[in-house]
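First chain A sits with chain B, and in the next complex the same chain sits with chain C.
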Partner chain A sequence: MTRKRIVLTVLHRLAVLAYVAFALFPLFWLLKVSVTPTSLLYTEGIRLWPSQASLEHYRFVLTHSSFPTFFLNSTIVSGATAVIVTIVASLAGYAMSRFVFRGKYWIVGLLLLTQMFPLVMLIAPMFKMLSPLGLTNSLTGLVIVYVAFNVPFATFLMQSFFDGIPKDLEDAAMIDGATRFTAFRQIVLPLTLPGIAATLGFVFTAAWSELLFALMLISGNQATTFPVGLLSFVSKFSVDFGQMMAAGVLALIPACLFFLLIQRYLVQGLTAGAVKG
Partner chain B sequence: MASITIQSITKTFGTVPVLNDIDLSIADGEFVVLVGPSGCGKSTLLRMIAGLEDITAGEIRIDDRRINEVAPKDRDIAMVFQSYALYPHMTVADNMSYSLKLRKTAREKITDAIGAAAGKLGLDPLLERRPKALSGGQRQRVAMGRAIVRHPKAFLFDEPLSNLDARLREQMRAEIKRLHKSIGATSVYVTHDQIEAMTLADRIVAMHGGIIQQVGNPLDLYDRPANLFVAGFIGSPAMNFVEGHCRAGAIETDDGSKIAVPDGVHLKDGQAVTVGVRPEHVRIVAGPEAGSYAARVDLVEPTGFGTIVHVRLLGQDLKIYTLERGAAEVGQPLHIALDGARLHIFDRETTNRIG
Partner chain C sequence: MQKIATRLEPWLYSAPVLILIVAIMLVPLALGVSYAFRDIRLLNPFSGAFVGFKHFRELAGDGAFRGALVNTLWWTFSSVILQFLFGLILALLLNRPFKGRALAQALCFLPWAVPSFLSGLDWAWMFNPVVGPIPHWLYALGILSEPSNILSDPETAMWGPIVANVWWGIPFFAITMLAALQAIPKDLYEAAEIDGAGPIERFRSITVPFLAPTMAISILLRTVWIANFADLIIVMTNGGPADRTQIVASYIFTQAFRRLDFGYASAIALVLLVLLLAYSMLIVVLRQTMLTRH
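Up next is the complex of A and B:
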């Protein structure tokens, strides 16, 4: 290696390091505040680590607040949304990728159109529609809304994954004796697992951190999701930062677990060797 | 084993016509090669036989059973794709057994069938590998193996050798021919390579622009091409063409030379014709003789076995294929004779063969 190359590599590494530090610092601060006793929060405000750490906030959040319920609600809503959206988007994305059908152009246009409006505009009409159906204040209602808003993008995402799988594979399977659906299930789907994992992850995170609809459609603790629950730490006169941060850290856990579960499928390259060489 | 009948088949994609009124009967056990330049509709026709493309008009029958509406899986045919289309998430053995498993074949039978096919193709040591761990040639073999395990009614091949290097292609070509001799199944083979067509086919179907140009055994197409397209497509190096008109019982080329009209060919005075002569039927002669032409060597291309000599003659670049080494050097004057019995005369208007 020449001197210049070494300098460049070092600079590159430093830049990456700086970016990682920048991106992770808020998370670190989250953790730091969550273990800082309330008495030290303001006196040691800018220290990187408090002189005395404690888990009191965690204890409080887990035992004296409704957060366990909020977590459960969030898990149910996000999990259900992710699964339903992924199933719908897989089927729709496959049709988009493989079939020519009447109105395809218009359907694509409509799907794109739904992505163009600020959500705030849609809250009132949504509420008006869901309320007579008894779907406000219910997890089911939230799941329906989340599914509706996530399906278009997820469909495009899945379509791009299907586009990457050679049509010859299904043709071969159908000649081998499979119906189109069998070919889809046994040949195409296994090869799309990375795409499915990515879609699941994307939708799960989107639903997990959604605040606007959850705030507007839900009132009353029994159906509150965690992002809304966080707001309960903000009172008129003060914000209980310690407990809020502790809840935030806890909220990261399911998302991390979820990605741990699917990361195996996120690796690309499963289709290598399908065609040519 | 089966015969395939293709009757008045037409295919359009949207409004674009791709195949026009195709008629073809393929006998039981026959090896038919569809050959033609890229884009002429060969794959489309093959995929219609397979059931992968809808039939716009016409009828396809396998053993007298109309299959227009029959799903691919119920046609009992096997196909080898240009891309091989091996299932990447399955081992070689699973790739080969997939069709048998779908048909709920008993496990012992599957094992036997795979053993037999793997033996025929030398795949035994590869059975547990995934496609991505195979070389191009090995993948090609697996694709063949997947087709033969099932003993289908017919084999369809869509340019199965196009992705191999020249040496491997030659080897697999011979192997496919041997395989066909031993299995004897009806086969339809698509290629754009006329050598593959010539060497493999019982019968060649030459296609161009969605229309069948000529059907016949390989030597028929070589000896008596039905039109200018087939004449130019079959044979390598390609046939020479000289344009001229019939004048006073001879063909007068555009540069004023004369070519004698072969025996048994009747031309109208003034008729516009194209004379075709294969490079291997142009002779270099020692000196001027009756009907010979003087020319000057333009370019010499040795091919090892023979030599392609280019001369300027009759107003154009004429190729001569000779087995004699050192017969010509660039710039050297030559005398050339055309083999009268082996001239091909085509009507320039219709492009069809006159004689």
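Up next is the complex of A and C:
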């Protein structure tokens, strides 16, 4: 190993470390504030860890608030959205990647258009459309809206993953008598698993974070999602930052867990794909 | 018969997406456009009359709107450039094997899983001198003359949401770029190395061309997305102080939710829509000319 190489390796590790620190510090801070007792919150504001940690905020949030319900609602909405979007978008992404057909540019244009316009523009018409159908104040209504919002980007994402897979494999299968849909399902989709995982992760996270439409469409406690719950929590309990951050940490858990699962899979999948390719 | 089936095939694959988009995005979009020319106030059952260009005339004399336009440019381009640069660097760092890479990658991508408005709250908290560390660090470095909240200073407030946005958005670019990087066949690099190409030459003639399509589409989509992205600003500054962080998207939100004036909000949204469409057209045309030149 030459001297230059050692220096480069050290620089590389330092850079990675800097990224990790930058990514984690705000989350560490969230955790730190959430375990700081209210009495110490302001006196020990900038210490890296409070002299005395407590779970009082968590206890309050879990027993004296509707947070467990919000939590469940958000999980249902995000999970359903992610699954539906991924199925629908892989079909369309495959069409975009494999077929040359009249109207394709119109579809691409349409998908791009949906990425251009300010979603806030849709809030009022959406409310007026969903209300007579009984889809306001319902998780189903939210899923429908979130699926539509996430489908265009997911389609582009899936298309780019399909583009990376050679056509020869499915062509060979189709020469051997398989229908295109069979070839798609049994040959192309398994090769795209990292892409599917990435899409699921993207969409789940996006649905989990959505605030504006949930705010507009949901007004009762039964169907409240986590972001709306946290905001009403803030106004209801006169901004107790410790409790707010504790609620935030709790709501972070499923998103992070889901992400870490996907993440591990993403690494494996990408590496396997690279080896095979 | 066979021929018709083959022709229909791509449409069958695309049908679910098309139906969803038309029914749940285009129909309400058309309604929203019509609202821009009508007097629509959510809580007023007597509103709904056609008012022509009244909202747009109002908009022309609206100083807050002009300020928001400038802020939108500033917010969008600094966020996208920083996210892209740091994301690309991160992807390149993670693309070479080292011990603990899987863990480092998972940790670096974690901000992406944080709900956007929660990261807004988190960063607002970090910038708060009473409980956050950042003002004290900036003071110690001599950047601030006293440990104050940069979010309440009109000159610096915009940096708050931008920093939060960069933190939150780096993983998006890093994930996309890393996936594209790992799809580049390894033998290309080996062949180039055998031919005597140095690392810079290999990066220029293999990595960049392979990444270019992914870069182009992710930057285009992200720019538009960030221009419309109001959550962080709403949560961190609510457009203040003195409208210095108000972007067009957050201004629409303010009009719609504080004044419940959906007509005026839709008119602003329509202007934003036209501007964003113009931007995308420009990019598409530029890309086409570059492609034909090659």
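As a working rule, the second predicted complex is superposed on the first by the 243 of 277 C-alpha atoms of A that agree within 3 Å, B and C clash if a C-alpha of one lies under 4 Å from a C-alpha of the other, contacts with A are read in each partner's own complex, and residues count from 1 in each chain.
Rule of thumb we're sticking to: a residue touches a chain if its C-beta (ideal position, glycine included) is under 8 Å from a C-beta of that chain, and two chains touch if they have at least 3 such contacts.
What you see is a predicted model; the values in this text were computed from it and never measured.
Of the two partner chains placed by the overlay, neither chain B nor chain C lies in contact with A:L31. Look at A:T182: by the touch rule set out above, it reaches chain B but stays clear of chain C. In the superposition on chain A, A:C256 contacts chain C only, with no contact to chain B.
Touch counts on chain A: comparing chain C and chain B, the chain ahead is C. When the shared chain is aligned, chain B comes close enough to touch A:M174, but chain C does not. Look at A:L62: by the touch rule set out above, it reaches neither chain B nor chain C. Shared-chain residue A:I76: touches no atom of chain B or chain C. With both structures placed on the common chain, the touch criterion links A:L191 to chain B but leaves chain C unconnected. Counting contacts by the rule stated earlier, residues 270-271, 273-274, 277 of chain A appear in both its interface with chain B and its interface with chain C. Interface residues of chain C, counted against chain A in their complex, comprise 7, 9-11, 13-14, 16-18, 20-21, 23-29, 31-32, 35, 40, 42, 89-90, 93-94, 96, 98, 102, 104-119, 121-123, 125-126, 130-133, 136, 167, 170-171, 175, 178-180, 182-183, 185-186, 213-214, 217, 221, 224-225, 228, 230-231, 248-249, 252-253, 256, 262, 265-266, 269-270, 272-273, 276-277, 280. Residue ranges of chain B in contact with chain A, taken from their complex: 47, 50-52, 71-73, 75, 77-79, 81, 83-89, 98-99, 102-103, 130-136, 139, 146, 150, 163. Chain A makes touch with chain C in their complex at residues 12-13, 15-16, 19-20, 22-24, 26-27, 29-30, 33, 41-42, 45-46, 88-89, 91-92, 94-96, 99, 101, 103-104, 107, 110-129, 144-145, 147-149, 151-153, 155-156, 160-161, 164, 180, 194-195, 198, 201, 205, 208-209, 211-212, 226-227, 230, 241, 244-245, 248, 251-252, 255-256, 258-260, 263-264, 266-267, 270-271, 273-274, 277. Chain A contributes residues 166, 168-169, 171-179, 182, 187, 190-191, 270-277 to its touches with chain B in the complex.
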